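Encoded as structure tokens, here's the structure I'll be asking about.
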Amino acid sequence: MNKIVEYRREFHKYPEYGWHEFRTSARVAEILTELGYDVLMGPDVVNIDSIGEPEQLTPEQTNEAMERAVKQGANPSFVERTKGYPGVLAVFDTEKPGPVTAFRFEMDCLPYQEPEEKGYRPFDDGYVSVNKGRVHACGHDGHTAIGLGIAEELMGKKEQLSGKIKLIFQPAEETFYGAQAVVDKGHLDDVDYFLAMHIALSGENKPLPSNTIACGCKDFLSDRQLDVYFEGKAAHPCGAAQEGKNALLAACSAALNIHAIAPHEGGLFRVNVGEIHAGVCANTIAPNALMRLEYRGQTQEISQYAGKRVFDILDGAAKSYDLSYKYIDYGEVPAGVSDDEIMEVVKRAAGKVPWFKKIYFEGNVGGTDDAAVMINKVQENGGKGTYIGIGTDTTSPLHNAKFDFDEECLGAAVDMCMYALKELHEQE
Amino acid sequence: MNKIVEYRREFHKYPEYGWHEFRTSARVAEILTELGYDVLMGPDVVNIDSIGEPEQLTPEQTNEAMERAVKQGANPSFVERTKGYPGVLAVFDTEKPGPVTAFRFEMDCLPYQEPEEKGYRPFDDGYVSVNKGRVHACGHDGHTAIGLGIAEELMGKKEQLSGKIKLIFQPAEETFYGAQAVVDKGHLDDVDYFLAMHIALSGENKPLPSNTIACGCKDFLSDRQLDVYFEGKAAHPCGAAQEGKNALLAACSAALNIHAIAPHEGGLFRVNVGEIHAGVCANTIAPNALMRLEYRGQTQEISQYAGKRVFDILDGAAKSYDLSYKYIDYGEVPAGVSDDEIMEVVKRAAGKVPWFKKIYFEGNVGGTDDAAVMINKVQENGGKGTYIGIGTDTTSPLHNAKFDFDEECLGAAVDMCMYALKELHEQE
Amino acid sequence: MNKIVEYRREFHKYPEYGWHEFRTSARVAEILTELGYDVLMGPDVVNIDSIGEPEQLTPEQTNEAMERAVKQGANPSFVERTKGYPGVLAVFDTEKPGPVTAFRFEMDCLPYQEPEEKGYRPFDDGYVSVNKGRVHACGHDGHTAIGLGIAEELMGKKEQLSGKIKLIFQPAEETFYGAQAVVDKGHLDDVDYFLAMHIALSGENKPLPSNTIACGCKDFLSDRQLDVYFEGKAAHPCGAAQEGKNALLAACSAALNIHAIAPHEGGLFRVNVGEIHAGVCANTIAPNALMRLEYRGQTQEISQYAGKRVFDILDGAAKSYDLSYKYIDYGEVPAGVSDDEIMEVVKRAAGKVPWFKKIYFEGNVGGTDDAAVMINKVQENGGKGTYIGIGTDTTSPLHNAKFDFDEECLGAAVDMCMYALKELHEQE
Amino acid sequence: MNKIVEYRREFHKYPEYGWHEFRTSARVAEILTELGYDVLMGPDVVNIDSIGEPEQLTPEQTNEAMERAVKQGANPSFVERTKGYPGVLAVFDTEKPGPVTAFRFEMDCLPYQEPEEKGYRPFDDGYVSVNKGRVHACGHDGHTAIGLGIAEELMGKKEQLSGKIKLIFQPAEETFYGAQAVVDKGHLDDVDYFLAMHIALSGENKPLPSNTIACGCKDFLSDRQLDVYFEGKAAHPCGAAQEGKNALLAACSAALNIHAIAPHEGGLFRVNVGEIHAGVCANTIAPNALMRLEYRGQTQEISQYAGKRVFDILDGAAKSYDLSYKYIDYGEVPAGVSDDEIMEVVKRAAGKVPWFKKIYFEGNVGGTDDAAVMINKVQENGGKGTYIGIGTDTTSPLHNAKFDFDEECLGAAVDMCMYALKELHEQE
């Protein structure tokens, strides 16, 4: 088994939720250091004031997560260097004039329980998640491994290349503020070319299988998440039922109506009430309900339409049940578009990697990725960016708790990136 | 401040949830012992096999609760004597022939957060709950205090009375199996007269204010509680939305339809979906939902009607969202009816207590009480029982987190009980 | 077959909706005239200004209904005498001093389709409804027949009785304004005793079978009906879905939430969304929805609670779907209570009729009856009233399209009334 | 005002619903005949056995519609020639070898009420709909006028062209079976090129304004319509509420859940419950509900997904309310795709018409059109087809009751078609 696959399986075994990626950060930093890189970590990678309140850890949570990281084999000195914030950045500097290219790799996992069942390779081969309710079901373990693969490949190539290459290992893509915090630290300000990649994306609206690649995506959706708190009034359901203000029913009615919002003919629109937590016990009219939702749109108009409709419904549900609500707004991850110029570079590079049998020029994000924050920043300064889809056969769709994939895609992705870098940074 | 009020405020400050009443049990046992009673505790009071699975504590939970009790001032030796099960029983035995009367007092609290705000007496006077998310909002603190008051009054009266008087301090009235476990231990088998009482009940469907009493109730409802688990399938809401099976929406639709079940013209029917906990995060179609519900009926026909309609709707919601569900059934607390004969005794006794200015013969349970399990048992053996409503002015209705009451009712209740005992147990 | 049964079957065959009872009115007036009564009809019975706008017929509708009545065998001269308004009143005047007693009989039917199937007596015996979508499913055909029976019995009894007896054949009990219009005409102003009766009521919350009677009811509910018009905006569901304002979904959401309004512990509360008519065709987002609903309460407090909750939900549904609504309010039929004094009279009278084997003192209205408008008026002037339940075996519950009953109850009801009149109007 | 605009306004004033287009058919046939065409009408145009049961008129309805047509100025002899079926077909035959091109023009309207308000041109200029609840809100008045414009232009061009040109004036596009009935009659069997066009379509998902054109569309959705009948049980809502089976609530719950069906990531999916008609009166639990719905998908997979989810929900709602349902299935209008080859022809033709300032190669159907039935048939035989979007400024989106448009687009469309015909049918 090659090193990239080893790395991937190690990260898979120790999945960490957004802003808790201490073991992963420490391990990435350790490997990069061993390879010879000087690494930035924590507050030098992410601007800590950019982390919105809903995602801020308490000191206790931070300590607990850092301690867990050490217990799970992280090098304590690298854990220490995080200063309580995940994120790693290494720069490969040729010390020659030339362009700046940045790669983005995510490190966080999803909050599901990975199944421990025979016949499922991560279980059979011993790399199933050991962290309860945590699983790499979005391939970020693979992305991090690709980043380390590129880092290793680069080491021998200082002579052949020009300019600088930044390897950004970003926390908190699944949650919030990860890309924004890196951008706010200024790391994208001097970047000419930006590449992010994601395994198991779709092309022509079907999952890309092994041996395929899509050179970029243009269908990013914006994403806004809200935590809505309905505040009703408890009452005994058969002693004073009329005194209650039923927050549970308000949330249920709102959830159904929100899912019934009409689509928008101007492009993709998605909405999801992902969580409800309501009530205190069976024999009390529920005085409280938390509803966690998100909505996405392919354009700003759609996003605004979605927002208006969602708040109409929240207002209406509150009115219907004579109660009030408040909410936490996680802010909006924007939409974005890959650039044809750099997609062409990827196309040529992929053409040189035998593993890729079919090359799609354009693929589908199938949602949102905060890589768009970085692409937008780079484009603002005249740079070009792309978000590449790496095809791979999987056991389940992305975001399913039982997600394993064809690891051959990892090496192919590294190779493709090296060809792209050769073109972008070749010595004149 | 008299002792009964002191006791009540002490219990109010340290509320304990069903099957966790270790501090209360220990304190009750300690006081009764000091008064000269021999007390039974724990497995001698409750039949531990009668405690259904959903209410069984793990050894860890039991330890934690017992340790907390000691930390909060309980006498460790009495906590020890519980052997991990709450419940206290003391018998006042005149050692003369005569009838057996049993009193039932509940000790458990409700899972709400009591407000800590100025102007609210428990806060101002320092007896607001110190246990987070726990509050005596159903008056059981007062009931326990009444029990101790009767115990004290009895002590000097051995000469004047005949027969036996049992004082049952029962756990877990708000949750499940409390009364049943006491009955299954055989403590009601020899009982001729049974009295339970509840403060802040209603009469003529209005809360009974201070200075009133209702001598018995006949409108007990049955109560059945279910924990329903919908099992759907996670999917990314904008990458594979069509793959999901949305357990959250299934629960929401079920909850609305369950609350819309038509009433029954044969008597009272009530239903409540008290809790929903669904989903894992905002950006995943919810694969799971727990719905905690109860339904009640004044007759068996109504209870069966309710059960049929609830399960029709659960089946329908599961079908609608192409998923399955399973459930835990907590069993049914039955309905019950007070006996006129003993209600007449209470009427005469109350007439001798000046505090009671208005005496209603019949009051309203306004729901369910597992005192019915005991009343039914006593009646089965030819005995008579009643469930008495003690009027008291309150800050909020029962089952509201901000529930305080006019403590003068406690002494009046003790006095009324003593007059009733005098009639029932007078020396021939 | 006796005459009362013949009358009942005739009325059953030609059911007429509220304010359309021209055939019935003409036939009742004809029979009463033949018996020797002077009858009042139409505007002399009902105050036409009391008929609210929603129930007013257009001249075309009136003509059509009157023509139909004649076609269906009504005597044209009596149809003429209605002057376009149903209602008949006859006074049996002993011309001696004495009290005034009034009886109320309803004449209108319900808007359902009676089944035409073998084995169903009305079909087999040829008295099934010939008017499409119209059926006497609430027993008013029987009530009218009882009225004629009393009228006939009275004729020979002028010498034996004193005072006056009014026989009021009222239109529009199922819809609106029937009783009010009679009251507003002053016909109840001088009444000392008022009796209305209804077959197939309940006692102890179970349908009263044949050979039973309940002497009065005290559980009248108020009733308020609303026609709600949601006004949205049409749009093509896959060309401009986001432009629509979906009145159909607003109505559906409102209907579910209205049926989920919590009960009131102060007494009976009922709500029903009886009709929805929404949308224009399958491929258009529905721009309009009519929702016809009613709510009832046993006390004014409950009725106000219901009204507040209904309008909260209507407001909330409108807000949720960003549209508006308007409504027609049919006004409120009040609650009311029978008087013990006259219930005792009925009890004694029923005791003399052998057919009644079981006599309940109190029965259940099981809803609303505008007889309450009359009872309230009589009580206002110091009179006494009752609303009697006549037990009878039926094929289906009241308000079911397949409703036939044991006609023996009719004669028994007449006999009971005659005994009551004997007591109330006996010569001193 | 030119003739095409006059024609359009005449058709606008007399809108006729699907299968009722007798005035329009007669008028079209009359004009074509005056121009010198031999026309086919009624059963010679449409295969009457293809008209599914739900759309079949009763003889009374047919007579009434034909009589209305004559009253509204249709030539009785042409109305007669319809033999009770709308539809007109004229063939321009050059009597020289060459290809066969067919044009399709729809004639039916939508069932909305056009507003009669000042400032709205159809009202101000006197061509607002005179048929209550009928309006040309989908531009078919304009399409028919374009057809007549082409017919007129062709007449002088027999010498310059070869082959045959069929002008098909089709009934019932908005409802069902229109295109299918023409196809089943064989009129498309020999067609080489097929052109349909629609005004006010979108391009790049925005309504195409005046001076634009889209040469073809590829995003046709399939469409299936169902009439669902829930069959419950009536009961009095406060006398026997528990006896009812509430069809209204079943429909409401189903409608909300159907609108909440998750989208499909494989392409466009749309669903609409367009109508509900439930219940009989306010004070009866609704025993019946009709729900009229449609669903659409861009691929067969999506269409099947939609069908499964809809029927899951119908089953679930029926189960939830313990009732049954049956349904009428109107069948499925398929998806379809325009051909690049003929889109190129349109592009060249449009380039020659100065009015078209901006030419989009591809536009958006934004839904379904049964032109797809014809395109599919032509493609089956090796022919090519397209569905062209003609841009035009409008007062409202399509399918809105207040829909008027910039009539200059009509002449431009005719000119474009003539240039296309010149290319397709030019003499060799």
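Each chain carries a letter (A, B, C and D) given by its place in the written order, and its residues are counted from 1.
Everything that follows uses one rule, which is that contacts are C-beta pairs under 8 Å (C-beta built on N, C-alpha and C of every residue); 3 or more make two chains touch, one makes a residue touch a chain.
Since we're looking at a predicted model, the values are computed, not measured.
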Distance-maximising chain from chain A - centres being C-alpha averages: C
Chain pair with more C-beta contacts, B-C versus A-C: A-C
Distance between the centres, which are taken as Cα means, of chain D and chain C, whole angstrom: 49
Chain centre separation (chain B, chain C; CA means) in Å: 45
Cα-centroid distance, chain A relative to chain C, in whole angstrom: 66
Multi-partner residues of chain A (at least 2 other chains): 202, 237-241, 246, 249, 253, 256-257, 259-260, 262-263, 265-266, 270, 285, 366
Contact set on chain A toward chain C in their complex: 237-242, 244, 246, 249, 253, 256-257, 260, 262-266, 285, 305, 308-309, 312-313, 315-322
Touching residues on chain C, where the partner in the complex is chain D: 110-112, 174, 202, 221, 223, 225, 233-241, 243, 246, 248-249, 251-253, 255-256, 259, 268, 270-287, 289, 292-294, 296, 366-368, 397-401
Chain B to chain C touching residues, read off their complex: 202, 205-206, 256-257, 259-260, 262-263, 265-267, 270, 364, 366
